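Lettered A, B, C and D in written order, each chain numbered from 1.
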Amino acid sequence: MNMDQALQELLDDLAIANRILVNEGVLDGFGHISVRHDQQPGRFLIARSMAPGLVTADDIVVCDLDGNVHDERGRKTYVERFIHSEIYRARPDVMAVIHSHSPAVIPFGVTGQRLRPICHMSGFLGAQVPVFEIRHSAGEVTDLLIRNQALGQALAQSLGGAAVALMRGHGNVVVGFSIQQVVFRAIYTESNARLQSEAARLGEITFLTDAEAQATSDMNDMHLDRPWEMWKRNALAG
Amino acid sequence: MNMDQALQELLDDLAIANRILVNEGVLDGFGHISVRHDQQPGRFLIARSMAPGLVTADDIVVCDLDGNVHDERGRKTYVERFIHSEIYRARPDVMAVIHSHSPAVIPFGVTGQRLRPICHMSGFLGAQVPVFEIRHSAGEVTDLLIRNQALGQALAQSLGGAAVALMRGHGNVVVGFSIQQVVFRAIYTESNARLQSEAARLGEITFLTDAEAQATSDMNDMHLDRPWEMWKRNALAG
Amino acid sequence: MNMDQALQELLDDLAIANRILVNEGVLDGFGHISVRHDQQPGRFLIARSMAPGLVTADDIVVCDLDGNVHDERGRKTYVERFIHSEIYRARPDVMAVIHSHSPAVIPFGVTGQRLRPICHMSGFLGAQVPVFEIRHSAGEVTDLLIRNQALGQALAQSLGGAAVALMRGHGNVVVGFSIQQVVFRAIYTESNARLQSEAARLGEITFLTDAEAQATSDMNDMHLDRPWEMWKRNALAG
Amino acid sequence: MNMDQALQELLDDLAIANRILVNEGVLDGFGHISVRHDQQPGRFLIARSMAPGLVTADDIVVCDLDGNVHDERGRKTYVERFIHSEIYRARPDVMAVIHSHSPAVIPFGVTGQRLRPICHMSGFLGAQVPVFEIRHSAGEVTDLLIRNQALGQALAQSLGGAAVALMRGHGNVVVGFSIQQVVFRAIYTESNARLQSEAARLGEITFLTDAEAQATSDMNDMHLDRPWEMWKRNALAG
């Protein structure tokens, strides 16, 4: 596969990932997924500012880590592109980023209850999931959006080395080493939130130990193809 | 765009708004949406009395602020048209009104728990949402419907300057400066109710501050097109 | 409309009612709806023993109030036909009966929490809904089915003059003066259960007063056509 | 029906059972169903390692009770085949096994709340459902998968003579005397978990007595065809 083919594959996967995330209830009219450029690590690929359910490969633009779009057609991307740029800057291991308002996760960002891995599909959540409180960086009068580099950096700092960070009153961000992995993680973050919310009312929960979380996360990373193909098929059919 | 074109666009938007609200689970066989007439501020447009899921532009009639329908074909509209007429009378800023029984909101109208903005998509809810108790105006033997001008006025008074008012044991009313805005608000009122109900059982909730509510509301008002186009496409496809 | 036409219409309505109830989530592979014969009040019409989602007018048989099927083709109906026969015997005002396992209602049959009308769509529930405990009639070793006349009579006695009775660990029975009304009631019984279950965790609930329940029930009975036509369209499309 | 016809029917039923379980929300991209070989009780039929929603009769392989696949084409089956092999070894009465992550059941595996039969459709759950804790067999550092014979035996021991066993932080296993019965049980295990979770917050639950559980289980076993045909039709249509 030559360089052009590899890039085209990345564009195609990013386009279908948008549709998968809408179809699986992670994104609605808002939210976005990006992937680091395969040949220029200081740039990433993301859709122009539009509803994710309509994204095709032709809608994807190139953005650098300062949040500048490089596009011959002069297209723009999302206001909150700094979520992506600053995480790519802070985390060289991260190759793909999703920002969503996936619904079951919201309650864990606005209460004291921390999101933790309840089953083997969500071991990637680790010991517990950090919560980013924008008030600590920008006070109590913001519109909660990550509108600039400083806020992006603050969010990246909250994320630290984790796979997921919640954003209070807003949504969450998920990172991974590939489009397939980050999609898997976003879908199972939502699933874990639903299950934990149900379990919390039945009694005290036995979460995964740290070692179980690590072992299940490693195991799932070896089986990313199977659910990806299923979600792809469902998104194309739905 | 001439006057006829502007009116036709309003009729088309009102018709598709009916279908959007059914498709997104805000309306079922009952409930209605109206828009103030673009050339006659003392009149509004609303479907004749029928299931909202079937409304076309041809089903829309003109009603005045006393609740009288002006229709050459002698068609009638909903019994509860006074919800609309009295809010348009009391609130010159309001250009569109939705009355629905959207399900997740009902519990907040019959308990002490007040609906408040839990995330940046529903900042328009403001500090908190008023609840209209029909017993205070008409006693304990009504059928809960807003059947006349007096009840419409009492409801408009409860609403005050807010975007949303709940109606105890009945449903809610949502207002906006356009069809697109009022549809956005109705959908995210339902969404906020679902999220708040889930979060309430996890612990104490950090709601938006008043300043955050205002800032996020202003921000969302600049992005009404994107979700509108998505909901429209889904309604036409579904 | 002559006698044959009236009967054919009843058969058609009963067949489509089966499909509506499946489509709206009241029935699944089990449960049944019957209507009293329009010319022979001592008999009723009900599908032969089969999945309700597949019932056509041709699948409907005639049953008498002793539970005997009168069918030239020798077809049989459901084991639990005594639910229907004994309610028709005890309640001359009842023209249609539904027995279902509609899911949100089950928890109210197995806990101390009583089902009560939470909003104006379900005023027909009245002051509160009786619960039939089969152990009081037949001890603790039954399979919970209403297998004979004695159990049917005990259930009818629990129902009394109400519109709905719950059956502990089993399901519920709903009665009405027409197919349209009983379908409306079954769908809104399920809806009320969902809403009441959600509201119960938010705090103390303000239910309809008895007078509100009566007034809203009377009001809804004048508007049965609109939701019926919508449910019918959805069932035929789905 | 000769031997070849009987086997072909088993293969066809196993393939459609995979699709039914996906369509009814018991399986997603993971999980599996097997059936004991009709002529070789020391072997069982199961799909090769793939997403259950895509399984056809041609994808099914033969596996022995030591977990070895016998396939001319050299295909492999799931890592967790030892769930099936060790249960078939320990339970001669078992003819079919499902392992799933069906969502409503997960909370009952990670809390002190035990899954018990709440209504007549799930009497097969018996007095209460055992929970398998892998830590007791393999410590706190596993990936929770049943990767070998020893873990399969430990799980089979937890199951004992029951119809269902939960697997902490992972999923559950359901057994039956036929494909039709095990599918019925898996679907109603999920349903019972949803209902019990709802009922638990309304108050103390009256579960089925042991005698009721037995009687309803026996009764349902005589009516497995009706829901099977419905689920099959829905899976083929969906």
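The definition used in the following text is that contacts are C-beta pairs under 8 Å (C-beta built on N, C-alpha and C of every residue); 3 or more make two chains touch, one makes a residue touch a chain.
Source: prediction; values computed, not measured.
Visitor: Under the document's definition of touching, what chains do subunit A and subunit B have as common neighbours?
Guide: Common contact partners of subunit A and subunit B, which must touch each of the two, are absent.
Visitor: On Cα atoms, by how many degrees is subunit A rotated relative to subunit D, nearest 5?
Guide: To map subunit A onto subunit D, rotate by about 90 degrees.
Visitor: For subunit C and subunit D, let me know how many angstrom lie between their CA-based centres, rounded off.
Guide: Each chain's C-alpha centroid was found; their separation is 33 Å.
Visitor: Provide the C-alpha centroid distance between subunit B and subunit D, rounded to the nearest whole angstrom.
Guide: 47
Visitor: Multi-chain contacts in subunit C: which residues touch at least two other chains?
Guide: 201
Visitor: Drawing the touching chains as a network, do you get a line, a ring, a star, a complete graph or other?
Guide: ring
Visitor: When you check every pair of chains, which ones turn out to touch?
Guide: Applying the touch rule to all chain pairs gives A-B, A-D, B-C, C-D.
Visitor: Quick one: which bits of subunit C touch subunit B in the complex? Just the residue numbers, please.
Guide: It is residues 118-121, 123, 191, 194-195, 198-199, 201-209, 211-212, 215-216, 218-219, 226-227, 229-231 of subunit C that touch subunit B.
Visitor: Can you tell me which positions in subunit A touch subunit B when the two form their complex?
Guide: My answer: residues 28-30, 50-51, 53-54, 101, 103-104, 106-108, 110-113, 140-145, 168-171, 197, 200-201.
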